[in-house]
Amino acid sequence: MSAAWQFYIATLIVFGFVYIIAAAGLNLQFGLTGVYNFAFIIFEAAGAYCTAVLSLGSPRAFGGFQSYILGLHLPFPLPLLASAMVAGALGVGLGALTVRRLRADYLAIVMLVISLIATGLVTDYQGVFNGAAGLSLIPQPFASLTSSSIVYDWLFVLVAGVICALVLLAARLMIESPLGRSLRAVRENENAAAALGKNVTALRLLVFGVGGAMAGISGSLLASFTQAWSPSSWFYTETFVLFTALIVGGAGSNLGPVVGAVLVPVVLAEGSRYLPQFGPPTLVPSLEWIAIGVILLAFLWFWPRGIVPEPKRTFPAEPVPRPLVPQRTRGVLVRDLEGERGPGR
Amino acid sequence: MQSLALYTGFGLVTASILCLGAVSFTLQFGISNLFNLAFGATMTAAAFVAYVCNAAGLNIWVSLVLGSLSASLLSFLLNRGIYTPFRRRATGMFTMIMVTLGVGIIIQYAIEAIWGADNRSYNMVTGRSVHVADMLFTTTQLTVIAIAAVAAAGVHVLLHYSRLGKAMRAVAVNERLARNCGIPVKAVVDSTWLLSGALCGLAGVVLVMDVQVLNSGSGDSFLILIVAATVLGGIGSAYGAMVGSLIIGVVAELAAGYINPQFKDISTFIILAAVLLLRPTGVISSIASAKEMAR
Amino acid sequence: MSASRFPTAPDAPLLSVNGISCSFGGVRAVVDVSFSAPAGQITGLIGPNGAGKSTTLGIVTGAIRPATGTIHFAGRDVTKLPSYRRARVGMIRTFQMRGEFDRLTVLENLLVAAPEQLGERIRNVYSIRRTWRHQQRELVEQARELLGRFGIASHENVYAAELSGGQRRLMELARALMAKPRLLLLDEPMAGVSPAIRGELAEHLLEVANSGIAIVLVEHELQFVENVCGHVLVLAQGRVIGEGKMSALREQAAVLDAYLTG
């Protein structure tokens, strides 16, 4: 396989993982808890910028052609971890600001406006993240491991894949737990949930934080891979793409964000790069956006629950007889042999 | 002092364009409980229709009327064809926003697909400069202000003195009750969308006449200001929209003049965010809070 | 109905409401209402529409903040406590309308209500030893037993949105019990329930009260109120205009007036 093809495929796969991680985070907020976080993309941006300014060296290094704060030249995985924490904290902060009982559409508008404010601020205050031009030449993490670009890309694919798997696991554990059930209850009827003892505000802040952290991880990986990040990477319409991905894939399920992230941002947006370019340069991207709009409307009308809808949780009928003596299996003490077949997926 | 007058003058022009847009936006919200985020794209569409007419040789004011009519038709069709079927399914508020966003994106990028991403402008004369008090206007801008004033007055007369207007207000506050009182809700809704569509189109064309630049994103960039004006005045209230437009228009231009032209956008965003967080029913709350109570 | 049907109330009232009042936009919805609900007794709250019954319930549970007055529960002042905290100390309410979690199954609806679930704490969700699963199995059994008691066991895997009105009431009651309440506040539990099931529900409520739980019941069905409530309060236009046994209240002029004009 030629080098060019390998680069293309590796890039596509990394983008896939990045979008899946982001969609998983949004799924916890929107799919599970019913929080309409229309500012989601700014958490991804926070993670990306955080990784950028932590992995870049001092701003003066390259002759000062870009200006930004910090520049601590930290090695992998520190910037990634920091991104997750910063984005998570931002999530909790923003959540605390907006989590009062606003009408669903007002909340969406507020978040949208906050997203625009963020873009405006970053663009105007150039000293922070180099304004509209953005940051470039972001050092690649663990680049010292190999000198071959292709090998590096595949290595990155591996690392991104592992991180993606961990994020999906974390999401799944939350979704399938009683905590996930309480979040769904908040989504369905917050008054009834509060009347049964659920601290609705705390629960929403929790998913703002966890979902935000996942967005931050997504941004960190993307910025590290493409080595660049600017306001055009996180325009408010990107949140819209992720929401479309969730609606198409299925909000609230474990597999939904994966399916949606692969179909919408990857297949539609990146895959069409592969089509022969016809007409003026803006024609194909315009058609892509039209396609996204049409697909969104079609799904909202015909399949609002998405391709992989939230499954119905059932519980096994008969209690499995528990052995009287605790069993040892693979060195881990388990109380019984019931396994994972229980609720849902 | 001179710059204060100057910027206030700019503010009045912006406020006039805003007024057309905000009154329309708020009428749509009032009648269909919809935050129509396809509004900006509809404005752009009208502006492009006017562009086509204008480029074909028609006078700019004739093109304005044609653009307005096209937006009227488009809005009417969108409501009948897309928004109403979704609403009839008891679709949630957030999903409706996604629907309007989807529609807006389709319209915007259809425009871009046809005309590309370049900037264009109208073939028109801006007219000579006129001093009014200490403010400086072109005759075109004065005409724009006049159009907005006439439209505002017309809406006022409609809402308060005509049967249609009263029916519109009734349906806006409580649709079921209005229907039970014998009001032909469907006809009223259709009329509202036709009317608000026309105002939307006016706003779109007039905007481009003022800023002298037209591209596929023209309407959207103005939409945030429209939403700010509408929410500030209390969404659902046409008078609130007028007052909100005045405030936002003048404040935006003052901020641009005195602080930084860049700051115009951010200052309006911040005002909007603050209003939404602190007083979502707006400064002049009427229909908005009535709807909240009825919820 | 003989007096012995009514469970005997022990001395200290579990719930004590004193002088609460509140207004909405100029309308005085509740004015200086006081009452107490002892453990083991079913207290009725009746009155014409708009009398302030649901508002009173809302104030007691914390959904609405009163302008004046205090609420004492199990010896502590809960007036300033947010509603989810009150629920956690055992004050559980049901709703007049739309109280269920639509896209959760009936069984899940009940599971949500169970207090102190290990699996709701993040540290347990992500711990290697999945201790919460053991507790959940027990909760599932408890929930099934409750569903069986209320006759909707076969519906455990039905989405709550797909239940009939009467079934929803039963589910809500079962769910409320799952929350291990010390005080149950029921907002029109009979609405939409067929007469056949009403008798069953009355029996259930009496059993629940007998087990030591205090119940406050807002109802329109006066016969039902007479059958189960040991003590009844009549509200009209936000004020308490009468209290006592239902049979006595039926005779009082003030009460009759209120219902006729109310």
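Letters A, B and C name the chains as they come in the text, with residue numbers starting at 1 for each one.
Just so it is clear, a contact is a pair of C-beta atoms (placed from the backbone, for glycine too) under 8 Å apart; a residue touches a chain by one contact, two chains touch by 3 or more.
Bear in mind that the values here come from a model prediction, so they are computed numbers and not experimental data.
At the far end from chain C, in terms of centres built from Cα atoms, lies B. With centres computed from CA atoms alone, A is the chain lying nearest the middle of all the protein shown. As a whole-number value, the distance joining the C-alpha centres of chain A and chain B reads 34 Å.
Distance between chain A and chain C, defined via averaged C-alpha coordinates, is recorded as 42 Å.
Centre-to-centre separation between chain B and chain C, using Cα means, comes to 49 Å. Not a single residue in chain B touches at least two other chains. Taken in their complex, chain A has these residues touching chain B: 36, 97-98, 100, 102-106, 108-110, 113-114, 116-117, 120-121, 123-124, 237, 240, 243, 247, 280, 282-283, 286-287, 289-290, 292-294, 296-297, 300-301, 304. For chain C in complex with chain A, the residues that touch the partner chain are 61, 63, 82-85, 87-88, 92-93, 95, 98-105, 107-108, 111-113, 115, 117-122, 124-126, 128, 132-134, 136-137, 140-141, 157, 159, 175, 179.
Residues of chain B touching chain A in their complex: 35, 82, 85-86, 91-99, 101-106, 108-110, 112-113, 116-117, 224, 227, 231, 260, 262-263, 265-266, 269-270, 272-273, 276-277, 280, 292.
Those residues of chain A whose C-beta lies close enough to touch chain C in the complex are 170, 173-174, 177-179, 181-182, 184-185, 188-189, 191-200, 206, 310, 312-315, 319, 332, 335, 338, 342.
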